[in-house]
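Every chain is named by a letter (A, B and C) in the order it is written, and numbering of its residues begins at 1.
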Amino acid sequence: MTTAVKIQLAVATLMFAVAPWIVNAAPHEATMGLVYKIYFFHMPSAWMFMLAAIVSGVTSGRYLFTKNPKADATAVAAAELAVLFGLLALVTGPLWARKAWGVWWVWDARLTSSLMLFLIFVAYLLLRQFGGPGSEKLSAGLALFGMANVPFIYVSVNVWRTMHPKTSVVPTLPVSMGIPLWFCVTAFLLLFLALLSLRSLLERQRGRIDALYLAEDEA
Amino acid sequence: MSGDFDRVSVVQLGRHYGRRRALTDISFTAQAGMIMGLLGPNGAGKSTLLAILGTLLVASTGRVEYGDVTAEHGGAGLRARIGMLGHDLFLYPELTARENLIFFGRLYCVADVEGRVAAALERTGLAARGDDPVSSFSRGMRQRVALERALLHGPRLLLLDEPFTGLDQASALALVGRLREEQARGVITLLATHDLDVVDGLLTEVVFLNGGRRASAGPAHGPLRERYREAMQP
Amino acid sequence: MMSPFLRVAALVVRKDLTVEVRSFEVLSTTLFFAVTVVLIFAFGFVKEGVPLDGVAAAILWIALAFSGTLALGRTFERERQADTLRALMLAPADRPALYAGKLAGILLLMALVEAVLVPMVGLMFQAPIFEAPLLLAGLLAAGTLGFAAVGTLFAAMLVRARSRDVLLPVLLYPMTVPVMIAGVRGTAALFQSEPDPGLAQFWLALLVFFDAVFVTLALWTFEPLMTD
């Protein structure tokens, strides 16, 4: 673990420990009262999910065209984080919906788009696990396509959703809710970076072990 | 880069899958007019080596040089000069022999496709069955068509993976004859096989492979069986 | 003379057609499967003889997605039989041209399936398929192209992978969600009691844009994905 990662983890842990108080201090929102505060964890999760998806897509593209194993290591690490943060977003979303409007699932544009992108990265992990040898390249192709698909998924789900009459009204929360939101976003970002570094390192080391096996075999 | 070449050099070639070594430090050179045998037990790496030579696989370490050009720089021009007879024959079973040959002939931009295909069918002795689907052929007949497919575009490098599998005496002799014809035209032939008796006397060079490595040469002359046995000693 | 790209693509299409015509295996099984899917969904969604509102479009596109996946799997399974896909990669042909040829073959197959399914859906659900025939055809064409473009690439790259039969739908369906949404909503806009061609045009535009991006991406990544 490098110093940078240690610092990231330490600060992130500290921030998460303090977070409940900060979130508590945020003002109550007009229509939903206390419940909306899950948003402070939901939105950073969703952002980290998107960030992970983009990182995975970009590094996959690099791997596909340069065959650099480091790029592949980062790609798979980011894909796993995409699934992790995506899961967090998809769990906190319905929890919020349940408390706010009494339903577990709302065909909200963002929730549904996230679900689709989440499925793509689950498929990525399934492919790597069950695809047999050579699946690193194939999953790289999948991640690249997934990333290219993000705007299409969002637009199509968004327009689709607005065409549907809804039983409840989703209020659009202002993006900037001040300090609590940015605090949580920073905490999540530090956690994301730390996990990405650690997991990429793990993957590179796995490659190095394979190389050592090969070298030992030669001796 | 579509120049012709007169030799193929394999330099410290290695190929691995994860932590499994398929090939280690293979080096040799094959010249025009050579028929080189790749001999070894199952799993020795013969098919992998042929696939790398055919540009179907990329080497993990080392390189292959076709004349002065490496595989990455060879591109389509290089592939036009390679002919391969795989273990699975590379023929569409639903198509007729003629249709298969014409399709691949056109894919390889062969001039006067129909004429060349007719001549090739004559050579196989299957001109009468030329318009029957390949699925109705015996293994030996399919093999003959597959060989003509590999040779249709006049390649410089011919790669054969276990070509004698399932062949009767007559077909095997016909194959040997065909290979000698190509040899006379300066083709470089690499042939992986188990059938030592058939190829004894045909091969001008031999490379023994065992566990992905080159096994020691053994005696330079004598019956192939003896040389093989010597080379496979640990 | 044709460009080498088109020449190779045309060669591949002709070869695929010739192979298919010998037995019509892929066409007949895909068609039968598509019809069965429509019927199964119909049983699910028709209450007391009256179809639920707006299901016709959904059933049509779902049947196309399912049968398309089947057709893709079968087409590439054929290329696995005598390892002919490797033989194609061995040839000096331009690799993206091979992809284009395979794609064109799939498109032809799906067009034939659609020629049967669309009238069938029109009949069974009283859907107004002749209201805006050009728009409907456009939606079907653009949607099928998007689905097939991604599907052909994935099916090709999975040929040498393990678990390829189950992995193809697992990979393909999430990736083609925009195509499904646009196809279904656009078709539904044309089938509803007061057709909305403007909305259908929006979805058509989205599909065309999707096609442009993904066909380009597929052509670009085909060679690195197929070479080992």
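To be clear about the criterion, contacts are C-beta pairs under 8 Å (C-beta built on N, C-alpha and C of every residue); 3 or more make two chains touch, one makes a residue touch a chain.
Please read all numbers here as calculations on a predicted model, not as lab measurements.
Q: Hey, which pair has more contacts between C-betas, A-C or A-B?
A: If we tally the C-beta pairs in contact for A-C and A-B, the bigger total goes to A-C.
Q: Indicate, using Cα centroids, the chain positioned nearest the centre of all protein chains shown.
A: Closest chain centre to the overall C-alpha centroid: C.
Q: Any idea how many Å lie between the Cα centroids of chain B and chain C?
A: The mean C-alpha positions of chain B and chain C differ by 38 Å.
Q: Roughly how far is chain A from chain C, going centre to centre by Cα mean, in whole Å?
A: 31
Q: Return the distance between the CA-based centres of chain A and chain B, expressed in whole Å.
A: Result: the chain centres lie 49 Å from each other.
Q: Which chain B residues touch at least two other chains?
A: none
Q: Please set out, as single numbers or ranges, the residues of chain C touching at least two other chains.
A: Only 228 qualify.
Q: Report the residues of chain B in contact with chain A in the complex, numbered from low to high.
A: 16-19, 21, 24-25
Q: Under the definition above, what is the set of chain A residues touching chain C in their complex?
A: Chain A reaches chain C through residues 64-65, 116-117, 119-120, 123, 126-127, 130-132, 134-135, 137-138, 141-142, 144-146, 148-149, 152-153, 155-157, 159-160, 163.
Q: Would you pull the chain C residues touching chain B in the complex into a rising list?
A: Going by the criterion above, the answer is residues 8, 11, 15, 18-19, 22-23, 81-84, 86-94, 227-228.
Q: Report the residues of chain C in contact with chain A in the complex, numbered from low to high.
A: 150, 153-154, 157-158, 160-163, 167, 170-171, 173-175, 177-178, 181-182, 185, 199, 202, 206, 209-210, 213-214, 217, 221, 224-225, 228
Q: Sort out for me which residues of chain B touch chain C in the complex.
A: 54-58, 76-77, 79-80, 82, 84, 86-95, 99, 103-104, 106-109, 133
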